[in-house]
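In what comes next, subunit A is part of two complexes: it sits with subunit B in the first one and with subunit C in the second one.
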Partner chain A sequence: MSYYDIDAILTDAEKIPCTFQLDVPDLGYLDNAPTQPLKAGTKVNLPLWLAEMLAIANTGDPEGRSFVTFDLPSALGNDVIQALKADPRAVPLRDQSPHFYGLATHMMDLVSEDKLPEVVRNTFVTRAAEVALHARKLGGVGSRGRTAAEEGSNLGFGGAGEEFLRGLDEWERKLFRKAHDGAKSGKEWMENIRKH
Partner chain B sequence: MPMYGDLGNKLVQHAKRTQNLAHLPPYQTELVRAVTREVRDLDRDVAALLEPFQGSFDPAEHQATACTLLVNHLSMRRNKRCLLAYHRTRTDKLEELVWNGTDILDMAGAQQAGGPGAVSAPDGAAGSSSLSPQEEDYFRQYGDLLAAYKGHWTDIDLTGSLEPPRDLFIDVRVLKDAGEIQTEYGAINLTKNSQFYVRQGDVERLIAQGYLQKLG
Partner chain C sequence: MALPLPPGLTHAEVAFLAEMELVTVIPRQRLDSIDLLGGKTPPLRPPHRADLPLWLALLLKKQRRANILPPAWLHPASLADIIHAETKINPQAFSDPPPPPSRADPSRPGLARRQQGAGGNINNNNDDDDDGVYSGGLILSAPFRPSCTADAPAGYLPYHWLEVAEQLLAHAGDDVAAALGGGGTAASASSASSATILGEVRGLLRDLVEVRAAKLRSSTAALGSFGGGIMSLRGVGAMELAETRGFVLGVVDGVRKLGASVETARREAEEEGMDEGGDGESDEEMGF
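After this line comes the complex of A and B, so read on.
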């Protein structure tokens, strides 16, 4: 995760539900009302890059209140967590957030939620195996009588796994692409060896 | 309701798409300008907010103002990161193109012929090049740097192919007039549609640049 990492920047744009703890006259626009002051207790969805710092910044308040408090986004809400516990492969993570794991790890840095790390870890491990399986299958089918260019774009390839592959988050997509390219290169290399 | 940082995000989404393309889509002049304008506006707001305090601002005393200042500051910082990441993605791509020996004018031509990127970003430069003038400079100067660096070694071509050649000599067809080149075996005049049996090492760059086509 570097400063210039495009995916990290996009992950930081994911919004989480926040509640303002004080009245701020100039920030009404955050709640779609630029002419009104923002009242304490107002709930707004703020991107991570804003929410995180507002939540942890030192406000100088004698009671130690922060500017905002925040909750877990719906992508990590109870419904999703329960579904992931039941079967990680059945949940299209992409519909929850295109950067599901990035969002989850970021949130884990901010809140101490006991069961979240375990669920997310288990989700990744289970799904990664499935991703690898699909990647290898496509690599094997694809290299028979197809050009390299056709094989290159394989997301959305028809078949049983299509629905699962559509639901991959960005990180899993990368993993899929790497696994697929790896399987393909390995195959090509083997064929080359046989020829010479 | 648009919010500070939304435009910067758009820019980064462009960068994300760029990463997966072989060519460089048009530079988002308008978007870059809009994001920098946003930073200037925010900076003006900050100055106006701090003005009445005459340099003795106490955040604990004016929490609401402190909060607004923090939001403005973070928005500026966010925009800066988006701008830098966008340009860095593009310069990375430019450097890659220089190393591959891709001719940038050729690329602009290919894009006009209907590359996928040409459609997705109609608000970029409508002219021949998809680069900003600064990027063209960067491309040229990086090319010069690479040439100077490569000049240290006369017996090895740093940008040559990493694949060991199977045959020392190959058949090539000339796709575009490339003028006369010097080889160990004398000069060859490369005129369009002619065919030659040449040493691979002599013409590798011309193949990469699209002047010659390898046969067989």
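After this line comes the complex of A and C, so read on.
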């Protein structure tokens, strides 16, 4: 993860639900009350980078409380995880978060959850195979020798896969691009042979 | 980031390397040995077969100075066998690469000896007139292995199978059809039957490409569970590697990132466990 990686920066901007443990003066604007101090127990959605900092920062509190505690964001909530367990391909991850896997890796670093890593990993691998399948089919790569009409649509995303491809998160989109580039250059090479 | 090219070889580079594969030609004209960077080519004398690099063979073919003899694995029956093996017999693995060239060992009847590295006295040419510069001597990996010549074994796909097959079909289609069509020469084979044979070979190759591409895709599923995660790429061709390299690397990298936190947690737990274990032992010792 490079310093200039735009996806890493955007992943850091994902909001996660936090609960303040301490009263913080002059932070009331986070809770739409600019003149009030921020009370302990207030729930606020904070970007990941800020939540992380506040959670691990030293507050000097005698009871050792940190500023905030945070929960898993809704993208990694119980119902999403259950749905992913049932069928990884049926969940449009992009609707949960455009940087689903980035967020998941971050959260797994911060929270130790037993099942989460396994489910996320299984999801990634299962969906990757599906991504590769669609990447090969698109643009008529898999339909050499057949006409465009027989293969369905060769223009843009075809038929049944469209729904799935819209639900890809950023990691999966990169994978899709790589797989598609490979298949495409293979097809170009194949056509070039005939010419020379 | 600085390099626009993806890691690994592009298709054009792989195809270029594949042109170094040796194929068997039946020359129509005499041609003296040519001194190339890779060594001398065997001199061509019309009725005798000779092994030439693919690029030179295609050049001679285009000038009608030679006919190319396709390798045995390009025969429709061989391709059908391979497809059968890939789909029915062992749907998980790729079909085996060709075995290293071997020859019966005269001192031990019934046994064969690998020719690789067996010394310089081996000459596996069909034609005794050959100098044995390309064949004979040390036999290494592709493209230095004569796996696309006429005497290559049927039923095994060499490393550059797709490239060589496509090149031969595109530029020496009549020779391929004549050789595979039951012994007739290119002139005597009727155009209709040669077209059907070529169509059959092309169809089988397409099937094979699709079957193996599907396997490469699904082989990444082995990474799904922890502890698993080794994909065997034995028998995968160069062109298939070039095509799927980006995808497979992407999947492996993604799995690595997703597993990083678990891995660190496991290591820490292991170290703590070792520490505690050490403490426990010392405590017990103290107790005793």
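Definition applied: the second predicted complex is superposed on the first by the 177 of 196 C-alpha atoms of A that agree within 3 Å, B and C clash if a C-alpha of one lies under 4 Å from a C-alpha of the other, contacts with A are read in each partner's own complex, and residues count from 1 in each chain.
The rule is simple: contacts are C-beta pairs under 8 Å (C-beta built on N, C-alpha and C of every residue); 3 or more make two chains touch, one makes a residue touch a chain.
Model, not experiment: these values are computed from the prediction.
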Which chain, subunit B or subunit C, is in touch with more residues of subunit A? C
Tell me the contact category for A:Ala183 with respect to subunit B and subunit C: first, second, both or neither. second
First, second, both or neither for A:Ala57, with subunit B first and subunit C second: first
So in the superposed three-chain picture, is A:Ala83 touching just subunit B, just subunit C, both, or none of them (first/second/both/neither)? neither
Examine A:Pro47 and indicate which partner it touches, taking first as subunit B and second as subunit C; both and neither are also allowed. first
Mind working out whether A:Thr126 is in touch with subunit B, subunit C, both or neither, as first, second, both or neither? second
In the overlaid three-chain picture, which partner chain does A:Tyr3 touch, first (subunit B) or second (subunit C), both, or neither? first
Looking at the overlay, what does A:Tyr29 touch: subunit B (first), subunit C (second), both, or neither? first
Could you list, by residue number, the parts of subunit A that touch subunit B in their complex? 3-7, 9-10, 12-13, 22-27, 29-30, 32, 34, 47, 49-50, 53-54, 57, 59-62, 67
Subunit A contacts subunit C in the complex at 2, 101, 104-105, 108-109, 112, 117-118, 120-122, 124-126, 128-129, 132-133, 135-136, 142, 144-145, 171, 174-175, 178-179, 181-183, 185-186, 188-190, 193-194
Any idea which subunit C residues touch subunit A in the complex? 1, 6, 10-12, 15, 166-167, 170, 202, 206, 210, 213-214, 217-218, 220-221, 223-226, 239, 242-247, 249-251, 254-255, 257-262, 265
Any idea which subunit B residues touch subunit A in the complex? 1, 3, 5, 9, 12-13, 15-16, 19, 49, 58-61, 63-68, 70-71, 74-75, 78, 81-82, 84-85, 88-89
